[in-house]
Amino acid sequence: MEPIAILSIFVLAVFVGFEVVSKVSSTLHTPLMSGANAIHGVILVGAIIVADHSSTNLELGLAVAAIVLATINMVGGFVVTDRMLEMFKGKKK
Amino acid sequence: MEPIAILSIFVLAVFVGFEVVSKVSSTLHTPLMSGANAIHGVILVGAIIVADHSSTNLELGLAVAAIVLATINMVGGFVVTDRMLEMFKGKKK
Amino acid sequence: MLIAVAKEIHEGEKRVALVPDIINKLTRLGFDVVIESGAGVLSQATDADYVNAGATISNGEVLSTADAVLSVQPLTPTQIATLKKGAITISFMSPVTAVDSIDAAAAAGVTAFSLELVPRISRAQSMDALSSQALCAGYRAALVGAELSPRFFPMLMTAAGTVTPAQVLVLGAGVAGLQAIATARRLGAVVSAYDVRPASADEVRSMGATFIELELEALEGTGGYAREMTEDRAAQQQALLTPFIAKSHVVITTAAVPGRQAPRLMTKAMVDSMAPGTIIIDLAAETGGNVEGSKPGEIITTSGGVRIWGGKDVPSQLPFHASFLYSRNVVNLLTLFTTPAKDDEKVAFALNFEDEIINGAAVTHGGSRRNEGGK
Amino acid sequence: MLIAVAKEIHEGEKRVALVPDIINKLTRLGFDVVIESGAGVLSQATDADYVNAGATISNGEVLSTADAVLSVQPLTPTQIATLKKGAITISFMSPVTAVDSIDAAAAAGVTAFSLELVPRISRAQSMDALSSQALCAGYRAALVGAELSPRFFPMLMTAAGTVTPAQVLVLGAGVAGLQAIATARRLGAVVSAYDVRPASADEVRSMGATFIELELEALEGTGGYAREMTEDRAAQQQALLTPFIAKSHVVITTAAVPGRQAPRLMTKAMVDSMAPGTIIIDLAAETGGNVEGSKPGEIITTSGGVRIWGGKDVPSQLPFHASFLYSRNVVNLLTLFTTPAKDDEKVAFALNFEDEIINGAAVTHGGSRRNEGGK
Amino acid sequence: MSRTLYDLVGLAAGVAFILALKGLSHPKTARRGNLIGAFGATLATLVVFFYAAPGSSLPLNNLGWILGAIFVGLAVGIPAARKVQMTQMPQLVALFNGVGGGAAALVAIVEYLRLGDEATTAEVIFTVFTVIVGCVSFSGSIITFMKLQELMTTRPVIFPAGRFIIAATLVSVIGVGGWVVSALGTTPLLVLAGLSLLFGVLFVLPVGGADVPIVISLLNAFTGLTVAASGYVLDSVLLIIAGTLVGASGTILTRLMAEAMGRSLFGTLFGAFTAKPQAESDSAEVRPVRSGSPDDVAILLNYARRVVIVPGFGLAVAQAQHTVRELADLMMSKGIDVAYGIHPVAGRMPGHMNVLLAEANVPYDQLEEMDEINPTFSQTDVAIVIGANDVVNPAAENTPGCPIYGMPILHVANAANVIFLKRSMRPGFAGIENELLYDPKTMLLFGDAKASLTKVVSALKAL
Amino acid sequence: MSRTLYDLVGLAAGVAFILALKGLSHPKTARRGNLIGAFGATLATLVVFFYAAPGSSLPLNNLGWILGAIFVGLAVGIPAARKVQMTQMPQLVALFNGVGGGAAALVAIVEYLRLGDEATTAEVIFTVFTVIVGCVSFSGSIITFMKLQELMTTRPVIFPAGRFIIAATLVSVIGVGGWVVSALGTTPLLVLAGLSLLFGVLFVLPVGGADVPIVISLLNAFTGLTVAASGYVLDSVLLIIAGTLVGASGTILTRLMAEAMGRSLFGTLFGAFTAKPQAESDSAEVRPVRSGSPDDVAILLNYARRVVIVPGFGLAVAQAQHTVRELADLMMSKGIDVAYGIHPVAGRMPGHMNVLLAEANVPYDQLEEMDEINPTFSQTDVAIVIGANDVVNPAAENTPGCPIYGMPILHVANAANVIFLKRSMRPGFAGIENELLYDPKTMLLFGDAKASLTKVVSALKAL
């Protein structure tokens, strides 16, 4: 991709990131952080790609380690976030 | 630019557009519309580019007309928006 | 032109028709004002205050030279006989109760204005002494109710237990009733009220009290007043109100129908249904009483330990402000038919009987009675 | 064990030491309760009410057989002489004013509790009859002030002019003073207040009134009470308060120092600085008066037209709720030294003089006086 | 100038536009936002002059024509924007939007002419889109301009079988568009432009005067999309971002406007297809009033220096005394000078307002009598009338014979703005119409006074 | 599977992440937001298996290893997240963040190894960035985890000349980074990784326990940026968008958190460079209390079923009676069951609270006496104590000899949450400490009761 495209995407994503969370209440700080944390677990995708590309054992070993870590990050992150948010569940009305 | 880059930019810009205006108060509806209207006056940039490219008289004529219209749109738009917003000026304190 | 204020001679009347601080309004118009010495003393206006305000004090008779005489109670026929022909008198001169005075005024060629008859139109609100005095009466009614009650009005949660708030019931929610509601509510009582006019439900609620809805037809008269009840309707209303009365600690009644006896809202049986120590304030005692057994100016204790306070000259019990408001009503009416002094012209009266207010309020003029029935 | 309530014989006392609705608390503990016929009638409790509540009514003498006697005013020496030895009596038995009764109780071997001496600790708040009765007195003070005043308390803007609100000044912002502030404010008056205790500024403001800051040292005593003023300090305070008093329409004084004469807050000169029609309510009239010239139980009108209402048995003027609260205070104190009936055990008293409250409140025991000075 | 630098400047301008829209959506930053937008636009325009696309050389071809055209645009646009009266701004915005749409369509046409057969299918599709939408926006905006300027009737123009004609036009537009894509060529494109212009006219004609602003907003959003499409064709990130921003924010804004005005967006837009001629036979004309939202009221209050609150019986009925005090306190905390103007007969009992306001602990010194407050209305920015009616009704002064004639009133009409909080157009106690409700400087906020005040308080806090 | 389709799915996942963050920033939509995020992540992961990069073929190479590794990750991550106790969640988040950073660093290293000399300068720069930040994030997170889990001291660890060591480490990290860019090679990269890990440790050690959440949030944002950088190297729009989103929102969030906790962001982060050893000699340990913001209070109230308001003298001092009523009304309008618990000696006068609350028109039937309300606290979600202290002080029951011993109290401690509104940690009338203020289920909202309540009302309205 052209650098200008990437830069544009980056800049716009920064704005989106700023805007969507700019008014969050402090009780949601921790769940939001945890959710964002889970999202960067998609590095798993990158880890899988490099595992696919890996040709040496070293590469593969590191890639596999990356997959393990990324999976923990992603899956654990979403699960723990959901648990944190349980308090917002029981609302009647 | 690659289509996926353009599409990404488009999608992200849509989000940004949605987010930034989503909580505007009704008194600002008209100025905001007017300001947005002025912004699309940047088609002037496009008009200048096509005027530069123009090889036939027809093309040049149409391009020149486009420049006139776009300039009116852009400059007039920003000026009129500013006038609308005068009421928000005189705040002391 | 001379305006005179006689000392009130009616017993228990503590008001004065003109308070010092309004006198400059009359002198600015060009009037001279004379006050009978001591006229204001019961409403906290000393002779010195009057002199400072620009009036003169007379120790003797003030009426015979006056062009207009202001009073609260109607002048007596004897007083009226001393007036100049063509003089004007303004007072509460009800065509129902002050017939003697009216006849005397007609005979003396005096133009008498009855404040009861000022029509209830927007323009006349500043001359509406019935309203201003009802305001005083309503406030007093609630205060007296609180004073007599052996209970607190407000709720109080204390280390020695919780005092529950008094239940106050107001019957008749005109000006006096609304003010009674307001005052009782301010003191913390739980107030409910009933009236026969359809508009009164909203009015009662606008004071923060509960309106008692009875399944009875509304009785709307003219000019915002109520109509008289039939006997049948009275009995129905009494029956329906009984349970509300029985659980009240203080009942304040203010019901009236202009030119008529006060409607009977509470029978003896209803009074007896109340607990010992409960209080009834009957503001209509002077016009026949809303409550059976009430006597104006007295507190009757029933065998069941209920006390009934019969109102008598109630606004007089708040003499300072009652006089303050009354004075302004009277001056506003007087100003309505006054041409002020200007250049060489002296101040003068100009009675225009085309004017709804003057036409409505004048009971005698040019030697004869007008406006027989009241409004 | 028998608890007796004698009819109050002190003139003007309308309260009763025990109201019907609290009797079940005593009977549940195992007590028998006997009431002298008619004891409750002035506070709206009929004999029938007592019987329904589980007490017995006696037409004759009730004291000689009782294990405990409850009253509001202290029993007279004659009454005390008829008590059983070892009996208990609870009442307002001030070591300052009820010396005779205390001596008689000591002589008769009676254990007498003085409610004035219940220490002001958190645990004792439910037995604090001084507070509960001061509450009644403060409420009455404001009501009476409003009732006597020739003016409205609230502001009212009407077609006949604007009624300005009454200016009420409260001197002494203890329990009674604060309640007087609350009540006057509820009625719409503009209230300011002064007290010598440093904490009172915040307390006054917490009632929505203005606190008057004088540049004088605070007088903080023990137990939340004030200290006595020196004469010099009294004169200074009077001088500084005069301008505030002169512009007030109603002044309510409630200042007290335990076991002392009421402090003199207003001299005759200060009274004379007030306008005609202004009202002074002196709640301390019985203990010497905060105001020069006040007489308990009387309304004194000065030559300047100021009326001074001297309080006498003020809580008695709200007999129903004053008795209601008093009863609970007394019962709470009684319960403190009662071992309830359980299985075969009968109800019994267990006086533990280690307990700060019992130790503080008992003025006589076992044939001799205790607690000479009061607190 | 390198392509990279040029693109970076374009991106910077795009960021400026984002910041502009962000600023414009809040009163405090609106002006600054607009300036940022103008700055971005200027930057973007200037930089084209220094960037030569690969293959061409500086200075730009046809530079004279370009500069001349810009000069003409400035000479037309600035005075128009400067001189227009406040009340005519909406039509000017409509006009500006239209010319923008026109410009986009022209740019697309020229680029199409230049590319000729080289154009990729995607480029052709985007060109067709730009031409259609740009032309519709142009002609539609002209019609809205004429409606608002009252150069033609403001009422829906509906002719027999109109909806079939409109539908047919739309079908042909789409058909010709398809033809252009498949066959290419200048003629079909010009036909397409013509048909689109016609459709724009037909589309807007049946829209009633009140709905016109919504339509302008929608056309504005569409114009934004055409700019984004041009950006694709011209390979300009700036145009893509700017156009998309306008398209997205314009869409949201259109929805918000329709909501604020209580209109159905769908009904407004597709009214053209559903409207039937008989709708023309309207009932007797209702007099227009200006009704606002709690936000509008809050903004008026927020920028006022002095506000007078005029309470009446409705305040008591709504038991809104506590809320009105809250509002007053809030305004005072913002440094606004607030007083209550108490009419002697407001309510239904002498002193009714005093009882209420004292309950809410409004300090007595904020209450002013009629005679005190009346001379101050001319220095008052906003008079907010809460559940009062007769006591501010000018009929008391200028309609002899009406039931309240001769009663003194509060002269709220002397204030710069008057806000009425009431539930309906019903009259007050005296039962007579209040002309002040129809005054152009009056804004009505309908609803129970307590509910309305609560909303105004929230809105004011949020500012 | 075509590249285009693959990219589109990636974009869709990116959109899912945007929606996820949007949802997570509002209590009502937070759970759904998280689910959307999880969905996006799953989608993105699944689709890689079906997309073969040009040149390679399906199925993926090393598929067994890949699936196995994922399985291991699931086996570790899910139970950890499931079983963790509520109080230990922050450290788990820290740990998850750290492993994410580690994964990003590993991915960058592997890609670097693979690319070898083919790598462009830009790629190398991004790789270096990823390795540094990923490693710092990894080791820093581990230290925060240990601090929170109390595997080491929670107090700032400051050693002599610490700041010089830290500065020196940072300089070497940057130096080695430059070396990698200029010289390339595996060894420098591994040295870089090692130094970065060391720097991460040193960076976090001097941070005090209270500041740790802020640091976690910052590391989280940084990890996001490494993911974006990996996206550049791996040419993945999804990773760029997702990483940037996290980076941007994480940065804002870090600032918001620091603000909400009243900390200086700068001080927290650069404390490491400025902290001096003597700072260690702290004064006597202050007991921790949990203080919250008006937003926190509002959210607790919003999700409560039953709330009991306990007013005291402070309510009277603040004259907040009108505001407390407003809050109660608002809660009731949201369907929350609200009652006032009135202690018989709350305030300074018998019936003090009644006078106040009656002034604000609180209906009498909402006031409950102590004996009525006490049994209901165990069914109460939130007890909100407004300017009261002694009347809820458990010392009255469990500290014989203290001045209030023997006084009955309101048992607010039986409620699920207790909120105190007061200005400071000062005691009440009786002058004795209130243990309840230090209870873990207590949240303190400091400030004048009226001001605090006003903020809570606004916050609650906004929910």
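Chains here go by letter, A, B, C, D, E and F, matching the order in which they are written, and residues are numbered from 1 within each.
Just so it is clear, a contact is a pair of C-beta atoms (placed from the backbone, for glycine too) under 8 Å apart; a residue touches a chain by one contact, two chains touch by 3 or more.
Please read these numbers as outputs of a predicted model, since none were measured by experiment.
K.L.:
Give me the chains shared as neighbours by subunit C and subunit E.
P.N.:
Both-contact set = D, F.
K.L.:
How big is the rotation, 0 to 180°, that puts the C-alpha atoms of subunit C on those of subunit D, in steps of 5?
P.N.:
In degrees, rounded to 5: 180.
K.L.:
Have a look at where subunit E meets subunit F and say same if over half of the interface residue numbers show up on both copies, different if under half do.
P.N.:
Shared-number fraction above one half, so same.
K.L.:
Among all other chains, pick the one whose mean CA position is farthest from the mean CA position of subunit F.
P.N.:
In terms of C-alpha centroids, the chain at the greatest distance from subunit F is C.
K.L.:
Which chain has its C-alpha centre farthest away from the C-alpha centre of subunit D?
P.N.:
If we average the C-alpha coordinates per chain, B ends up farthest from subunit D.
K.L.:
Please tell me the distance, in whole Å, between the geometric centres of subunit A and subunit D computed from their C-alpha atoms.
P.N.:
Inter-chain centre distance comes to 72 Å.
K.L.:
Nearest whole angstrom, what separates the Cα centre of subunit A from the Cα centre of subunit C?
P.N.:
80
K.L.:
Taking each chain's centre as the mean position of its Cα atoms, how many Å separate subunit B from subunit E?
P.N.:
Each chain reduced to its C-alpha mean, subunit B and subunit E end up 16 Å apart.
K.L.:
Could you list the positions in subunit B whose residues touch two or more of the other chains?
P.N.:
1, 3-6, 8-9, 12-13, 15-16, 20
K.L.:
Which residues of subunit F are in contact with two or more other chains?
P.N.:
14, 18, 237, 241, 319, 344-345, 350-351, 355, 358-359, 361
K.L.:
For subunit D, which residues are shared contacts with two or more other chains?
P.N.:
125-126, 131-132, 135, 154, 156, 158-161, 163, 186, 188, 208
K.L.:
Between which chains is there touch?
P.N.:
So the chains that touch one another pair up as A-B, A-E, A-F, B-E, B-F, C-D, C-E, C-F, D-E, D-F, E-F.
K.L.:
Quick check on the complex: what are the subunit E residues that touch subunit F?
P.N.:
Of all residues in subunit E, those touching subunit F are 319, 322, 325-326, 359-361, 458, 461.
K.L.:
Inside the complex, what are the residues of subunit C that reach subunit F?
P.N.:
154-163, 165, 188, 190, 208
K.L.:
Along subunit C, where are the residues that touch subunit D in the complex?
P.N.:
It comes out as residues 14, 43-44, 46, 125-126, 128-129, 131-132, 135-136, 139, 143-144, 146-147, 149-152, 154, 156, 158-161, 163, 183, 186-188, 275-277, 305, 318-321, 324-326, 328-329, 332.
K.L.:
Which residues, counting only subunit F, touch subunit D once they are in their complex?
P.N.:
Going by the criterion above, the answer is residues 313, 316-317, 319, 344-345, 347-352, 355, 358-359, 390, 396, 403-407, 430.
K.L.:
Within the complex, which stretch of subunit A touches subunit E?
P.N.:
Touching subunit E from subunit A are residues 3-5, 7-8, 11-12, 15.
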